[in-house]
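You will see two complexes here that share chain A, one where it goes with chain B and one where it goes with chain C.
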Partner chain A sequence: MAISQALCTSFKQEILQGIHNFTSGSGGGTTTSTGSGNTFKIALFTSSASLGAGTTAYADSNQASGTGYSAGGNTLTNVTPTTSSTTALTDFADTTWSSSTITARGALIYNSSTTAGSANRAVAVLDFGSDKTTSAGDFTITFPTADASSAIIRIA
Partner chain B sequence: MFDMEVTASVGGFEVQTTNERGHTPEELAANAVAKIINIADSADPVLRQQAEAFRERMFYVIVHALNQAVKSDRTTLYNEFKKQGHADVAETLRKL
Partner chain C sequence: MSNVNIIFEGYNNVLQGYNEGGYNQDVAFTGLTSGLGSVTTVQGVAVTVSVSGNAGTSALGSVTATGGIGIAVTGVSGSATVGNTTETAGGGISLGVTGVEGTSALSSVSIWSEVDPSQTPNYQAISTTQTPNWTDIAA
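Then we have the complex of A and B:
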């Protein structure tokens, strides 16, 4: 079992198929042509999970659990994609599980909207490097600066 | 032949955890400042110095604003708890 940081291969294909819409204003977007973005979520997983480039969709198995955490994870706030020089990029607002007691080794960002007939398509796997734990505290994922060299999702 | 390479990648991120407390205004301000200003390694030294000074100043402005927000929210909560008949909880909050 392992968690390997990656942009999921299925996601790369789905970009070319026009399946994901990261435009700000999630909540709508059962299709990609509505003008509002899809809903993206981030779920936490334990070290028993197997996640990596080959992950194609969110699944419950080996998801983190504990006070302050609900299965499926947090809904992310999309930041409308932009460009910097020749790089296209998108970003999310930082997310926090408040007053939580959780142990997690990694996370999966996924598209919870139903797009092209299927929901919960995987986007990216985040590897924390080691178990991260809260005890009645805040579990925060801070996304990097949204620029061409650092943004969480970049196409160069 | 003509080909084109497109690279899609996932960026670095941070996981920050706390035990038996929330994040402090200083911790949150550091995150905010890091998002607002990113100084390139290749930046001109003079520009870098100015950017670093601005970043430091911004850090303290944000810390101050966050502290004000915390205090203000406690006032709201203090009054809410008092209205609900929990004067002891309200008093504990006020003393924090």
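Then we have the complex of A and C:
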């Protein structure tokens, strides 16, 4: 079992199929004409999970649990994609599980909207490098600077 | 805390002797005090304390916050450690994650088209006046 940080391969394919929309706001479709994007979520997983480039969809197996955490994780706040030089990128607002008691080794960002007939399509796997634990405290995911070299999701 | 209404009626009640006081008349009640104990809040949990009623005096005890309120821990430094060790500062962590990049590529394409049938083919006769020549190859 391992968690390897990666942009999921299925996600790369689905980009070309126009399945994901990261535009700010949520509940919209897969075209920008709706004015809002899909709903993306982030779920935490234990070190027993197997996640990586081959992950295609969210599943609750080996998901983190504990006080302050609900299966499925937190809903992310989209930041409309932009470009920097020749790189396209998108970002999310930081997210927090407040007053939580959680141990997690990694996370999965996924599209919880039903797009092209399927929901919970995997986007990216995040590897924390080691177990991260809170004890009645805030578990905050701080996303990196949204630029061409650091943004959470980039297409160079 | 709910209101408590104590009604004393004059006739045959527990504080008055038999046949004392007027029937169905209120009796003044003095010396009543009330109080509330301490309230403990946990981070992220809203607590609302309402005090109502006709008590002459009321009081709230001290408020104690637990659970790391107002303590910001950034990154994985400070009291953070790797492995399964629980972070200590306020019991919370702020976990910075790194991004992922998908590299894109654009391949070259082959372009072809049909042969133009409107071309005017041409040819040139081989000259029969050439003088062929050769050189021996060293053995």
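In this text, the second predicted complex is superposed on the first by the 152 of 156 C-alpha atoms of A that agree within 3 Å, B and C clash if a C-alpha of one lies under 4 Å from a C-alpha of the other, contacts with A are read in each partner's own complex, and residues count from 1 in each chain.
The rule we apply is simple: a contact is a pair of C-beta atoms (placed from the backbone, for glycine too) under 8 Å apart; a residue touches a chain by one contact, two chains touch by 3 or more.
As the structure is a prediction and not an experimental result, all values here were calculated from the model.
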{"item": "Fit or clash between chain C and chain B when superposed on chain A", "value": "clash"}
{"item": "Contacts of A:G18 with chain B and chain C, given as first, second, both or neither", "value": "neither"}
{"item": "Which of chain B and chain C A:S150 touches, first, second, both or neither", "value": "both"}
{"item": "Partner chain in contact with A:T140 - chain B first, chain C second, else both or neither", "value": "both"}
{"item": "First, second, both or neither for A:D131, with chain B first and chain C second", "value": "second"}
{"item": "Touching partner for A:G54 - first (chain B), second (chain C), both, neither", "value": "neither"}
{"item": "Identified clashing stretch of chain C versus chain B [59-67, 77-85, 113-121 or 131-139]", "value": "59-67"}
{"item": "Touching both chain B and chain C, residues of chain A", "value": "5-7, 12, 15, 98-99, 124-126, 128, 132-144, 150-156"}
{"item": "Interfacial residue positions of chain A with respect to chain B in the complex", "value": "5-7, 12, 15, 94, 96, 98-99, 124-126, 128, 132-147, 150-156"}
{"item": "Chain B residues within the chain A interface of the complex", "value": "6-23, 31, 34-35, 38"}
{"item": "Complex interface listing, chain A residues touching chain C", "value": "5-7, 11-12, 15, 68, 98-99, 101, 103, 107, 124-126, 128-144, 150-156"}
{"item": "Residue ranges of chain C in contact with chain A within the complex", "value": "42-45, 66-68, 74-76, 82-87, 90-104"}
